[in-house]
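Note that chain A is present in both complexes that follow, paired respectively with chain B and with chain C.
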Partner chain A sequence: MATTVFLPAILAKLADAKQLQAPGETVGAVVNDVATRFPDLGERLRDSKGEPYPFVTFYLNDEDIRFHGGFAATVRDGDELTVVPSIAGG
Partner chain B sequence: MTPRELPALSHEEILRYSRHLILPDVGVEGQRKLKAARVLLIGAGGLGSPLALYLAAAGVGTIGLVDFDVVDVTNLQRQVLHGTSDVGTPKLVSARKRIAEVNPHVELVTYEEPLTSENALRIFEGYDIVVDGTDNFPTRYLVNDACVLLGIPNVYGSIYRFEGQASVFATKDGPCYRCLYPEPPPPGLVPSCAEGGVLGVLPGLVGTLQATEAIKLILGAGDSLAGRLLLIDALGASFRTVKVRKDPNCPACGTRTLTTLIDYEQFCGSPHVGGDPKVAFNVPEIEPRDAAARLAKGDVDIVDVREPHELQIAKYPKVTAIPLGQLPNRIAELPRDRDLVLACRTGVRSAKAVQQLQAAGFTRVWNLAGGIHRWIDEVDPSQPKY
Partner chain C sequence: MTTTHAAASPTRLTLLPQRCTLCGTEYPAEANAICAQCLGPLEPLYPKHRVLPDREDIARRAPSLWRYREWLPFSGEPVHSHDTGFTPLIEAPRLAARLGVARAWVKNDAVSQPTLSFKDRVVTTAINAAHALGLGVVGCASTGNLANAVASHAARAGLSAWIFIPEDLEPAKIINTAVFGANLVRVRGHYDDVNRLCALLADRFGWGIVNVNLRGYYGEGSKTMAFEIAEQLGWRLPTAVVAPMAGGSLVTKLRKGFGEFQRAELVNGPSPRLYGAQASGCAPIVRLVQSGAATLTPEIPHTIARSIAIGNPADGPFAAKAMVESGGWGAHVSDEEIVAGIRLLAETTGVFAETAGGTTVAAAVNLAREGRLTADDEVVLCITGNGLKTTDVVRDVLPAAPVVDAKVREVAALVAERG
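After this line comes the complex of A and B, so read on.
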């Protein structure tokens, strides 16, 4: 059971990849797997308590996970998780 | 405004806008709506440039422009509103000249002042649409909250390196910027374009998307980006759309507990210090000439925390090069019994490096004031600045 995680360039350098495959039955488990493999990236995905930051939005198949249970949201094989951190350049 | 109240088009305007007038979704009535429209652009930089040019060319009747910056030669790689001969002049002056040339029928209203909690509501009042082309988090939250309070749609766009985001916030029933990002990242976590760089055409891509959304809102045509976030990846040549839901707990547009504008510098954790790293980071500094003199005597080491590709442009002599991102894992390479001068391009990254080393117990660390820019000005003018 694997989810494809899409990373923006600002985070992709920390995993040396724009896409990752990660196992897990919830978004939190998927994020945990990624964070274990790439600790520097992990720090940018969740806070010290393991909770999502208010400035990094996770989309599970284009739906904001905050409205679907947050990190407890259930993922299915083949789901896509897109990480969208806040940027401010103009 | 009823069709009868919309302003008429002159013969010259009818000819000028003929490619719009023959479009079924625009037509004469749509063009008259554009002429009646009042659009406020926050920022006349990367995003503001294509926005101002295309909205003016399209015949938006009144364009407001907020900016207090001066044209710098490093702007010209992407800020197509300004030209080489404009370097050193206020952006609003060059914008006025250029917009008058693009379309003399546009009324341009300029606000040469920083947007603040004190002036935002006064400036925004009377505009139909606000377009956010700023380059920092405090102003983005300020623009959002002012738009929500006044009920003005906020056409959002932001960029970083090769990627961008665009959406439409604060429409009647739509979500706002705080629904997407309830809080900003801590200062320093997300580099600015000045620190991280940006592909010159990227603001062109995102700014024209914002201009398109603004025009669609004016015309009432098409499917707006309200409720959706468009993610643009220029390197991957990919566009992706995700849903933005209105958060019932959002203090701005949900519970509406936010009834007045706040201190956005404080909200974003960035006390206003004018960008001076010495004040912002509170680290000891050394002047470039002093550092050069001590380096010549051999009693100080320079640690360059810039990225490898930057070292090819301009160099410090005799350095240890460790990019800032690698510093936490390479601290053991640095001597604790030597005076260390941390250096970068302008002094911001090296100030962060000084903080990291101090946190790791280093006591003999200084930040090189002004980075390689001041080093070139004051020590080694043979090298190019970037």
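After this line comes the complex of A and C, so read on.
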């Protein structure tokens, strides 16, 4: 079971890739897999408490995960998780 | 602080470098608004010992926001949009009486040039930033007013514009964008969906998206509203300012602007208390202030105030901090109160504001009722957009005009009927 994780340019260099495949049954598990493989990137995906890093927003299939339980949101095989810097707009 | 006369010789426009507001990492001038180290917001880095103008220097300059150019993120002469800013500050005694405050003024960006909203200010700095960086394409994610402004400023600068808006925006805001020849794209979803798309598009196409990768330079234009309020009050500060909040940037930049004028010794006295206004159907920043929560909870907007319907505001935490630190607060109002606010402003000041203005006025009414605005207060209400763009929200609540034959007796009957 794999989710495709899309990274913005400013984070892609920390993984040397714009997109990754990661296993996991929740968004948190997917992020944990990515963070384990790329620790520097992990610091920009999770804060010290393991919560979503405050300056990124996660979208699971175009939906903000905060409306679906945050890192506890369930993912299915083939889902897309897009990471977007939160400093934009207004 | 040195306040000698600033040099006025024309020089080529260049952009100042930037610095992360969170971790302090510095960056050269470029189309980037995010710190690569911590993903925090970048802001222009002004030279510590630059020469600043005094009151008389500023008063001699043309009536536009460029009279404060030492506090804008450039060196050299601006190239585009010389006419934006210095909108009227109108004393509003009848509105003050309704609020029960000592004095009230309307900062009237409903007549901002060229597109009748305060977004002309931020686009003025952004379009000059795009010029300095040599960008040929600009764009934005917008709830309407920014779309109008980017399309207009880009048209006269000769730049191509790609503008993204929510699908269901008010017809007037769509027309007021399309007329300038911009590439206008309606996106299915709310503003926050549009904003997410534009964050990805900036990566993909390298455009200068004013509120994405030019955001650090763009935001500085908002400070000029604070500068103008101070100067137009006779180089002094009000005790309170009420402003609408969408992404939260305006409140944050008002605080920054008032502070910069205090540090330059152009004004004295305490900083104004800042009050942010939102619609109850989309009030994540107000609820952050009122709850005292550590993090902002995003919302899905449901309000007639579409110009401020941002459920995931990037500057929300910063705006909440600015309000609380200033001694101010936040207020949210219902759609009915917003319409009543539009009418109250119109009937007491002669200014026709769009829904964000109705939100601001209605919030001021509620803040006064709660005792947060008091009889000693001198209050400025920031009216950021023009009512002609959102006539649909008031059309059905205004009394129908009677139709008569061109006969004096028919008018006499009406006069008698209405007393």
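FYI, the second predicted complex is superposed on the first by the 86 of 90 C-alpha atoms of A that agree within 3 Å, B and C clash if a C-alpha of one lies under 4 Å from a C-alpha of the other, contacts with A are read in each partner's own complex, and residues count from 1 in each chain.
In this text, a contact is a pair of C-beta atoms (placed from the backbone, for glycine too) under 8 Å apart; a residue touches a chain by one contact, two chains touch by 3 or more.
Keep in mind the model is a prediction, meaning the values are calculated, not measured.
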Under the stated touch criterion, which partner chain does A:T57 make contact with: chain B (first), chain C (second), both, or neither?
both
Partner chain(s) touched by A:V84 [first = chain B, second = chain C, both, neither]:
both
Where chain B and chain C land on the same part of chain A: residues 8-10, 53-57, 59, 62, 64, 66-67, 82, 84-90
Touching residues (chain side chain A, partner chain C) in the complex:
8-10, 44, 53-57, 59, 62, 64, 66-67, 82, 84-90
Residues of chain B touching chain A in their complex?
43, 45-48, 132-137, 140, 157-163, 165, 180-185, 190, 192-193, 196, 198, 203, 229, 231, 233, 235-236, 240-245, 247, 325
Quick check on the complex: what are the chain A residues that touch chain B?
6, 8-10, 13, 18, 53-57, 59, 62-64, 66-67, 82, 84-90
Touching residues (chain side chain C, partner chain A) in the complex:
33-34, 36, 38-41, 141, 191-193, 195-196, 198-200, 203, 211-212, 215, 246-249, 295, 297-298, 300, 310, 312-315, 317
